[in-house]
Amino acid sequence: MSKGKMKVAVVGATGYAGCELIKILLMHPEVTITSVSGKVEKAEKISEIFPIFENQLDLVCDNADVPAISKAADLIFLALPHKVSMIFVPDFLKAGKKVIDLSADYRLKDTGVYEKWYGTKHTSPDLLKDAVYGLPELYKEEIAKANFIANPGCYPTGSILGCAPLVGKGLVDINQIIIDAKSGVTGAGRAASLALNFAEVNENFKAYKINQHQHMPEIDQELSKVSGSKIEVTFTPHLVPMNKGLLSTIYFTLKEETNTSGLLALYKQFYRAAPFVRVLDEGIFPETKNVNGTNFCDIGIKVTGKRAIVITAIDNLYKGASSQAVQNMNLMQGFDETAGLL
Amino acid sequence: MSKGKMKVAVVGATGYAGCELIKILLMHPEVTITSVSGKVEKAEKISEIFPIFENQLDLVCDNADVPAISKAADLIFLALPHKVSMIFVPDFLKAGKKVIDLSADYRLKDTGVYEKWYGTKHTSPDLLKDAVYGLPELYKEEIAKANFIANPGCYPTGSILGCAPLVGKGLVDINQIIIDAKSGVTGAGRAASLALNFAEVNENFKAYKINQHQHMPEIDQELSKVSGSKIEVTFTPHLVPMNKGLLSTIYFTLKEETNTSGLLALYKQFYRAAPFVRVLDEGIFPETKNVNGTNFCDIGIKVTGKRAIVITAIDNLYKGASSQAVQNMNLMQGFDETAGLL
Amino acid sequence: MSKGKMKVAVVGATGYAGCELIKILLMHPEVTITSVSGKVEKAEKISEIFPIFENQLDLVCDNADVPAISKAADLIFLALPHKVSMIFVPDFLKAGKKVIDLSADYRLKDTGVYEKWYGTKHTSPDLLKDAVYGLPELYKEEIAKANFIANPGCYPTGSILGCAPLVGKGLVDINQIIIDAKSGVTGAGRAASLALNFAEVNENFKAYKINQHQHMPEIDQELSKVSGSKIEVTFTPHLVPMNKGLLSTIYFTLKEETNTSGLLALYKQFYRAAPFVRVLDEGIFPETKNVNGTNFCDIGIKVTGKRAIVITAIDNLYKGASSQAVQNMNLMQGFDETAGLL
Amino acid sequence: MSKGKMKVAVVGATGYAGCELIKILLMHPEVTITSVSGKVEKAEKISEIFPIFENQLDLVCDNADVPAISKAADLIFLALPHKVSMIFVPDFLKAGKKVIDLSADYRLKDTGVYEKWYGTKHTSPDLLKDAVYGLPELYKEEIAKANFIANPGCYPTGSILGCAPLVGKGLVDINQIIIDAKSGVTGAGRAASLALNFAEVNENFKAYKINQHQHMPEIDQELSKVSGSKIEVTFTPHLVPMNKGLLSTIYFTLKEETNTSGLLALYKQFYRAAPFVRVLDEGIFPETKNVNGTNFCDIGIKVTGKRAIVITAIDNLYKGASSQAVQNMNLMQGFDETAGLL
C-alpha cells in the first residue's frame, strides 16, 4: 500500500507537536511513518498514548534508538524539547539522514545567545552553519537544497511573517517594533504542571515572560537578517484559554504616512508566491479559528497616520510547528509544496 | 473591627475548597479568620498562594501546627485530602476545638468500607461515632448539637438531596437507582497532573471511575439509612470542561405511575424548611450557572409513566464543600442558618 | 486535476455540518465539489462565509437552485434543517440524482410520528420507503444499492451503535434502557440565539428536552427494528460547554448476570466488519477528544452484576453527520469505505 | 430587616452588568433593592430572567416607569445600552434622584465626538456638565459631592488606571501610547448574536474594531485631561474565549531610561489612597482570575531601557461596570468606600 512512499520517523512522538505531526503524515500522499519514539517509561503502542490513533497507526513507541530509527526511515522529524534535540541530531546526520528539527536547538546561530536564553552550552556548535532556518516564505530555495532544517518556533513564525515586508523594505522605525502575541495552551507543551491545570487556565488571561521569552532572540536574529540592521523588538506573549491558535498584534511606527490599501498591496506582492500566506482584504482581520488545523498564516492590516497595525494568525501546532515541518519536507523532497496540507 | 467575632482556622488552605472557604468566611458577619495553614514548602503569605487575597487577608500560611492553631481559633475547618485529615482531627478534638472536616475520613461509618475504598486503615475509628454527617437538610438537629462534623462529599450532596424524598417514602425500586453525575474540574483537586492539563480537558468529555468512584459507598450508606434497607446505586461520574458546577441526572423506577406535579409537590413538602433547596416549577430544570457561587441545590423533576428523572445542581466547591461547611458552622453556633451565604 | 472525479454538491453549506462536510470532501481522493448553496441574503463566496476556505474552494454560495445544481453535480448532499430538506429532495430525485439527506425529514417511517415530533405534515410521504437509513454498521448492503440516504441524527448514531448488540441478541430488559447523552454546542446548529451565547453556555452544564427530544423516536424506531419488539427508551440530552463531541452513557438491565469481558467479546464480534467502530479493551473508556475530527465511534463497557453500562463517543458533526454521510457515499459509489476518512 | 437602609433601583436589570449589580447590592450592608426594570416583552419575576435570584430577590421586572421607580427608590442605577440611557436620565434627575449611569451617554463631554462615535445626536447636552466621571482613583472628591455619575467604560477603566501616573507626570512620549486590550465575552452584552455564539467564540481569538472602538475617544478625553495635552492613543481590543476579565497591555516610550522598581514606586505612591488598586511587586504580573468577582485593579510593570510595559487587570463587569458603580455610590453616600465590595 505504501509502496514507493518515503519512510519517515517521528522522534518525540509523545508531545502535542508530535501527535499533530503524525496526524498530518498519516494523510500525506507521499510518505509512510515507519517509526515513532519518545521519552516513555516503557515501550507501548502509540495508540495507548494517543487513543485517536487506534486502528490508524500500529507502531510501538519506545525511547529513541538512533541506529534502529536510521534503519527504518530516510527522513527524521525531531519534535523533542530543546536541549534534548541536540543529543540526537548529530548522530542522525552522521547516519546520512535528512533531519527536520522542531526544537530551538539549531535556530540561534550565536552560541552565546543560545547559552543565555536556554541556560546551557551548545554541544554541537559546528552543525549550526548547516541548519537552514525553515521558514519557506523567506528561504524556499535554501530549504529545497538542505539536508537539515531548524524548524521555526511558533511565535517567531507569526511574528516574522507579519514583520518581514515592512522591515525588509525599510519602511519602519526599527526601534519601535512591538509584538503583542497571544497563544493557546498547547504552546506550553504536554506535561504535568499546576500552572497549566484546567482550573488555573480556564476563565483566566495573563501575560508571561514579559519581554524575556526565549523566542524573542530568534525573532530579533531573523528580523535583523531581513533588515540588515540590528533589531530588538519588544515582545509580550500571553496565554489564551484555548487549546490551539496564535494571534500576533504587531505595532509599527512608519517612517512616512501611508494608508491601509497601500500596505496591503505591499504584503500581497511580497507573498505572491507563498501558497500558505493569505493577506486579507481591507477591513477583514484574522481569527485563529480560520487557520486552526491548517498551514495558513492569515494577515490583516490597519493603518492610521504613521501607525501600522499588522495582525497575523497561525495554528501554533501546525504552521507554528508540525505542518510547517511537513511543508519543509515537501520542499526538500521536491513534492508539491502543498502536498498533504490544508 | 472583628471584636466579638468567633475565631476560625482553615487547615488545608492551599486547595480549591480552602480558597473558596476563605472567600466565604471573609464576607461572613460573625467570624474572623485567625489562622490559615496547609502543606507548603516554606511559609508564605496566603496572598502569594492566592493573589486574589492581596489586601484582603494578611496571614501567613505554614504547615499545620495543632497547638498554635488551637490557640488561635475556636473552630477548625479542615479542607485536607482524605487520609491526611485523620492525622489532625484527633488532636484538635482533644484540644476541645469544634471541628468541621471536609475530607472523607469520618463519613463512612464502616471501617472495612473505608479501607476498601480509600486503601488504608482508619487510624481513629473510635471517633467515627462522634462525627455527625453534615447534610443539614437531613440532620439539622444533630448538627446543631455537634462538635464534630463530617462534611459530605460533592457527589453525595447532589445525589442524596435528589434521592431522599423518593427513597424515604419508599416509592421507588431501590435496586434500580441510577445516578449519572457530571462535575467541573475543580472537583479533582489542585495539583499538577497531565490528565487535568487544560489541553487534555478542554474540548473533551469523558466518564471516569465508572461504577467505582469512592463517593459511591457514601451515597449507598446515606440512602440506606434514609430507606431502612440496603441500597446500592449505579453511579457514573463524568468530567465537564468547566471549573465549577455539578449536575446529577438521577433515574428512578417508580413502584406506581404518577406525574411530574405530584412528585414536585412531594419534594417541595420534604424540603419546606430547607432554605438552600429550591424545587423548581414543572418544566424548569437546573443549570449549574444558577447555583454557582451559592449554597443552593436546585432540583427539577420529569415523570413519564413509571420513569422519574430527578435532576439536581450544586456548586461542587460551595454546597458540595465550603459553603455547606459554613452552613454547618452556622447551625452549630446558633447563627442564622443563612448567615454569610448566598 | 479533478479529472475523472465524481462531482458533488453541498446544499445547506452555511451550517456547521455543511462546513465540516466541505472540509472532508476537499481532502477526499475521489470527488470534487462543484456547487455549494444555502440560505443567504445575497450570493457570496463560500470563503466569505467561512474564511477557512479562502485559497481552498473558489465557489459562490447562493440560494439553492435545483436545475443548476443538478446540472453541476451527480450526487447531492443536503445539510439543511428539517422541514426545509423535504422541499428539495423530491426534485433532486426526480432529476435522477443520488441524494444523501442529513436532515431528519426521511428518517422516521411513520408520518404520524414525524408530524408529532416535528410539528408539520410530511409533504412527500411516498418517498419515505425509498430512503435507506444510513447507518453503515447495520445497513451496509442496503446503502450500497441505494440512491437515497436518510443520514442518521447525531444522538441516534451514538445511541444505536451502543445498544444494537445487546438489543439485537435479546439480552436486556427492553423496558429499562436509559440513555444519558451529552453533546457539544454545534449540535444545536449555527444561528443567532441568546441561549447559545458564549457567556450563557460557558461554565454551565444543563439537561434539556428531558425525555422529549425529537431524536428519541428515531432511536425508538431503529432499536425496535433491531429488537423485533417495540422499544421506548428513556433519553436525556445535555449540553456540554465545548464545540464538538457527543458521549452517550447507556444503562441496561441484563436478563442474566455476566461480566465485562463477555460483553466486550460480543461487541467486538458484532462490529468485526465495521472499520469505524472501535470497541475498547476492558478498563478503557471513550473520551470525545479521541474521536473528534474522525469518523470513529468508540465504545467502552462496564458490567456489575446485572447492570451493564455502555459508553459511546462520536464527533457529533463527523460520525454524527458529515463524515457518516461521506461513508455512505463511499458505499453507494463503491469507493473504499474509508476513503477520505480518518 | 432593611430598616434604615437606602432604597435603590436598578434600571436595565436584564443585562450582564445589571445582573452582577443586583448580586453586589444584595450583599451590601447599607442598601436595599426596591425596584428592578428593563426591556421585557412582559412583566416577569427577576428570578425568571436570572434563576440565580430565586429565593433571594422577590421583585417583578417590567419596562422602566420613571414615576414609579422614583417613588420606590432614592438612588437609581442605569445599566442600559448607550442611546437608551439618555431617554431616562433627565427625568430621574428632574425627580431629584441621584443617578449612576453605567452607559456611555454622559461620559464624552464633546457632543461632536459623541455623535461621531455613537452615531446619534445627544438629546440632553445641557446635562453633560453635571455628570462627574466616576473613576474614584482620579475624582474621589468630585464624586463625593455629585448627584449624577457617568460610570466609566470597562476598557477606559483598565486603560486610564494603567496610564495616569506616567501620563500625569509627563514621563512618556504621548504620541507613542499603545494599548492592547483583551476582554471576556460579557463585555459585548447579553443579546442573540451569531458572532457571539459559543461555537463561534470558543477556541477562537481575534482582534476587533482595530483602532476604532468607541471606548477610544473616552480614553483620549480622560488622558488628555490628566496630561494637559491632547492625547490620541493606539487602541486594539481583542475578544478572549472566557466570560469575564479584562487585561490591558500598555506600551510606553519613556523620555528617560529608568527601571522597573522606580516606576513601581511611582505607581504605589500615586495609588496610595486607592483601596482597590493593587500595584504588584516586581516580577509579579496581573491575571484576570485574581480580580474576577472583585473591585480590584491589579497593575504590574516591566521596564527595559526606554520601553515601559504596564499591565492592568480588572473584572470587566465589576470594576469595569457594576462594582465601580457601587464604589461611586459608597462615596456619594458617605458609606465606607469598600462597603459591600471585595
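Note that the chains are named A, B, C and D in the order they appear, and that numbering of residues resets to 1 at the start of each chain.
We adopt the following convention: a residue touches a chain if its C-beta (ideal position, glycine included) is under 8 Å from a C-beta of that chain, and two chains touch if they have at least 3 such contacts.
On a predicted model such as this, the values are computed, not experimentally measured, just so you know.
Considering every other chain in turn, the ones in contact with both chain A and chain B prove to be C, D. Look at the CA centroids: the one farthest from the centroid of chain D belongs to C. Between chain C and chain D, the centres computed from C-alpha atoms are 46 Å apart.
Chain B and chain C have Cα centroids lying 39 Å from one another. In whole angstrom, the spacing between the mean C-alpha positions of chain B and chain D is 36. Shared contact sites, meaning residues of chain D that touch two or more other chains, fall at 184, 200, 202-203, 241-243, 287, 289.
On the chain A side of its complex with chain C, the touching residues are 23, 26-27, 50-52, 54-56, 203, 275, 278, 280, 284, 287, 289-291, 293-294, 296, 298, 342. Those residues of chain C that touch chain D in the shared complex are 16, 184-186, 190-194, 196-203, 241-243. Chain A meets chain D in the complex at residues 176, 178, 180, 182, 184, 200, 202-208, 210-211, 234, 236, 238, 240-245, 247, 249, 251, 253, 285-289, 292, 300, 302, 304, 307, 309, 311, 313.
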